[in-house]
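In this document, chain identifiers A, B and C correspond to the written order of the chains, with residue numbering beginning at 1 in each.
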Amino acid sequence: MIAGLFNYWVVIILMMAGLYIVMSSRHLVKKIIGLNVFQTSVFLLFISMGKISGGTAPIIADGFTAYSNPLTHVLILTAIVVGVATTALGLAITVRIYEAYDTVDEDDIAEMDIENENKETAVSTVVAKNT
Amino acid sequence: MLVATVIIIIRMEKLMSAVLMTSFFSLIVSSIFMVLDAVDVAFTEAAVGAGVSTIFFLAAIAIVGRVSKPTQRKKQILPLAIVLCTGAVLMYATFDMPRFGSPDAPAQQHVVPRYLNESMAEVGPPNIVTSVLASYRGYDTLGEVGVVFTAFIGVFLLLGAGTRKSGIERTANPVAGVESMRQSIVLREVSDLVIAPVLIFALYVQWHGDFGPGGGFQAGVIFASGIILYALIYGIVPAQKLIPPRKLAYLPAVGLLLYAAVGVYGMLMGANFLDYDAVAHDPLHGQHYGILIIELGVGITVAAVMINIFFSFSERSL
Amino acid sequence: MIYQLPAIVLLLTLLAAPICSMIRNGDIAWKLAVIAAWLSVAASMALMHQVWGGNEISYHMGGWPPPWGIEVRIDELSALVLILVTLFGSLVITVLRESLRTAMRSHRHSLYYTTFLLCMASLIGITITGDAFNVFVFLEISSLSTYALIARGRDRRALTAAFRYLIMGTIGATFILIAIGFMYMVTGTLNMADLAVRLPEHADNRVVQASFAFFIVGIALKIAIFPLHYWLPNAYTYAPKATTAFLAATATKVSLYVMIRFIFDVYGVEFSFKQMHIDALLLPLSVAGIFIASLIAVFQSDVKRLLAWSSVAQLGYMSLGIAMVNVAGLTATVTHMFNHAMIKAGLFLCLAAMIYRLNSSHIKDLAGIGRSMPLTTGAFAVLGAGLVGIPLTAGFVSKWYLINAALENGWVILAVMLIISSLMAVAYIGKIIDVAYFKPAPAQHKDVKEVATSILIPCWIFALLTIYFGIDTRLTAGVAGRVAETLLGVGL
């Protein structure tokens, strides 16, 4: 009973650790690292699901009868690609954020945004007074 | 081991080491995939997770700096609560899951037996993953190429490609500390030895996907790593002389169109979209050619996209 | 030709995208994009014609029968969503050239059209597919292209908005992936019709229950159902002008469509409502969402942000319709999905036209615009009336069904609350109309002129459609009614 589920439990711990990194870090790059860990653990879940004890890789050859599930492998191949695509785009946005704000710390950016908004409203009230 | 690695990532404040630990994490996961008989997936995870995405991370860190501030205590509580809740739901679900490795699990029944038993006769390649990927679920794979293409267009739109006039010798390199790499004779000699075999290996993987693990996607990534390695050692400029970025920017679209063209050709021949039976006179031959061509499309797109994205990042850091 | 339509409707935009990226000349790329987009409108109209009256089309990708291959499945609901995506997308892409001219250097234009087309293609892909994993793949294309589109906004805050959306969106997508994995674990299939047959046997299985929970949270993140709307206001506010119109019209609506499809078709009414009691969760959240978001909208001084908050509130109406679990409620949801997409796209487009001239979306700068830009403001006013739900506009039809649904369940208080919430919409739309017509124009905007006809025409098409669908409801409420009956399994 325990042995049959132990694998899934480890995967869940990994998934949650990844999710925790995403939500708790203030550094944008580290958030993306967290996403990576989270997604990779989900891949592990799928592959665990497809494993058959005593099976072999799903390449047909003489002398084997039990093969692991090829479908989950295909799904995860696709998902890995999706993951790296997201990572690349996320990093590109991070780089642009750094160029615009000169920081990639979430709290600092939020502070600068609030400052910015205050300034904008201040300007518009001045304009309103003048007119 | 895995759990320990992840905990180290959480605690790590130096980004450089966090990235390297993530790469290490991917490598372990890919060996686990290997143990779980998912050879194709292991191959891809090693090439992508431990390879290409690590390079992207490093390139980005070279731009944005390496240190992250420690998280304040009070801000950790909410994420922790959410994570624990989610984890609890997952744990709750595990008790009704089929046992690990059980051949009677529903996941192994219903759809999969046809792939295992019929694919040799219906599609051809002994590697069932290739048959399912390229033929049974070819539409998904088209979508996957679409995702890669979208990421490329997105990065291109945001960062611009490496299309600045080359020819001016640039001093800095994308990854900090690489400057010294160019002077290092050992590195240079070794990489000279390695790059050519890497590129040839990529071609081997491309055409061998029918029989062993591999295929267009893995080949594309490996090919890209070869070029990226060259760029790291010799600098971006020579690499861009080798592969002009302007031309490179066309290639992702070419790959995607090649893939779709096979499908459209099938439609013109009166079959459904992506039905390769109609590509040649004999269905099995049709499947064979169809898969070869679409794998080539995948390979072209993936390799070109990865190199393009790398160039985009490195142009920014100069 | 007719037989191949389900593939053609997707391929038009999906193939035009890479070709567009190869054309360096922005104008030619734009022409190609417009042609492809309008052809896909024609294709979706033709598909609607085929499924009209409750037929279904099933198309097997690669010639493999489901559940082994991937099936494309089109019924009236998906055909309606198809028309929504293609028609409103094409209208926006038609004005995109004019709107980009000032915003971006010209050599980037073709890339922008490419991204736009990719987004459209992927939304079409999500709508027509009959395969659970395929939904995930196309959802990711649409998400990635949306992130890129938002990040191109002029303000630097567009970047943070896009990043925030990327993080939330990816978590949502990964949750959906987990849900799909769990479903597959229990049933061994990925085809949605096949899942619908096989899931009920396992209704007591905890894996299915967990998959339902993950799916709902994941897709709710994408739809931005209150309280998971955190990413939406900023994303809409800072996205490039015309793009906001497209995103507001399509992206969240298609996610909502996926939610309806899974709740009613895949998991089934019995499981979703009788066993998991999703209605008990959706009902209070929707009502809270409607009120809180409307209240926030009333106090916004930036019109773009105001409309964004109003979107959150309107999404509340749609999820409320689902939570009613009766035919009228679901009819309201589907009708409102279409109507709101049309109205909000039109409003954002008119606003984009105003910003184009004023360079600001602050409500003070809109003062007197009713006189300097009478045609644009006129369209805005008509669409605003639609948003409020004045009779003879499309907005009225959907609210009518929603109130009927509430009364049918005997929830009189809810019906009253709905009327009150409409009054709040009067407040925030009225605020803009008031400023536009009755305040003197500030000195720096004295010589503001009307925008070009090429922008005005789409604005007025949206406005006229709003009135048209307020009178002729065959396409919207008619289809929605039949769809609701099928989904709820009554009247068969």
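Simple rule for what comes next: a residue touches a chain if its C-beta (ideal position, glycine included) is under 8 Å from a C-beta of that chain, and two chains touch if they have at least 3 such contacts.
These numbers were taken from a predicted model, which means no experiment stands behind them.
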**OP:** Would you kindly say which chain has the C-alpha centre located farthest from the C-alpha centre of chain B?
**Re:** C
**OP:** Could you tell me which two chains share the largest number of C-beta contact pairs?
**Re:** A-B
**OP:** Please compute the C-alpha centroid of chain A, do the same for chain B, then give the distance between them in whole Å.
**Re:** 15
Original post:
Taking each chain's centre as the mean of its CA atoms, how far is chain B from chain C in angstrom?
Top reply: 32
Original post:
Could you state the distance in Å from the CA-based centre of chain A to that of chain C?
Top reply: 25
Subject >> Set of chain C residues in contact with two or more other chains >> reply: 133, 137, 140, 144, 147-148, 151, 178, 184-185, 190
**OP:** Provide the list of chain A residues touching at least two other chains, using ranges where the numbers run on.
**Re:** 19, 28, 49, 71-72, 78, 82, 85-86, 89, 93-94, 96
Original post:
Of all the residues in chain B, which ones touch at least 2 other chains?
Top reply: 90, 95, 97, 105, 107-108, 111-112, 115, 137, 140, 143-144, 147, 150-151, 154, 158
**OP:** Using the touch definition up top, name the residues of chain B that touch chain C in the complex.
**Re:** 89-90, 92-93, 95-98, 105-112, 114-115, 135-140, 143-144, 146-147, 149-151, 153-154, 156-158, 250, 252-254, 256-257, 260, 263-264, 267, 271-277
**OP:** Would you pull the chain C residues touching chain A in the complex into a rising list?
**Re:** 133, 136-137, 140, 144, 147-148, 151, 156-157, 159-160, 162-163, 166-167, 170-171, 173-174, 177-178, 181, 184-185, 190, 301, 362, 364, 442-443
**OP:** Give every residue of chain A touching chain B within the complex, in rising order.
**Re:** 3-10, 12-21, 23-30, 32-33, 36-37, 40, 43-44, 47-53, 55-61, 66-74, 76-78, 80-89, 91-96, 98-99, 104-105
**OP:** Name, in rising order, each residue of chain C that touches chain B in their complex.
**Re:** 4, 7, 11, 14-15, 17-19, 21-22, 59-64, 67-70, 108, 111-112, 114-115, 118, 121-122, 125, 131, 133-134, 137-138, 140-141, 144-145, 147-148, 151-152, 178, 182, 184-190, 198, 205-207, 209-211, 213-214
Original post:
Quick one: in the complex, what on chain A touches chain C?
Top reply: 19, 22, 28, 31, 35, 38-39, 42, 45-46, 49, 71-72, 75, 78-79, 82, 85-86, 89-90, 93-94, 96-97, 100-101, 109, 113, 116, 121, 124, 127-128, 131
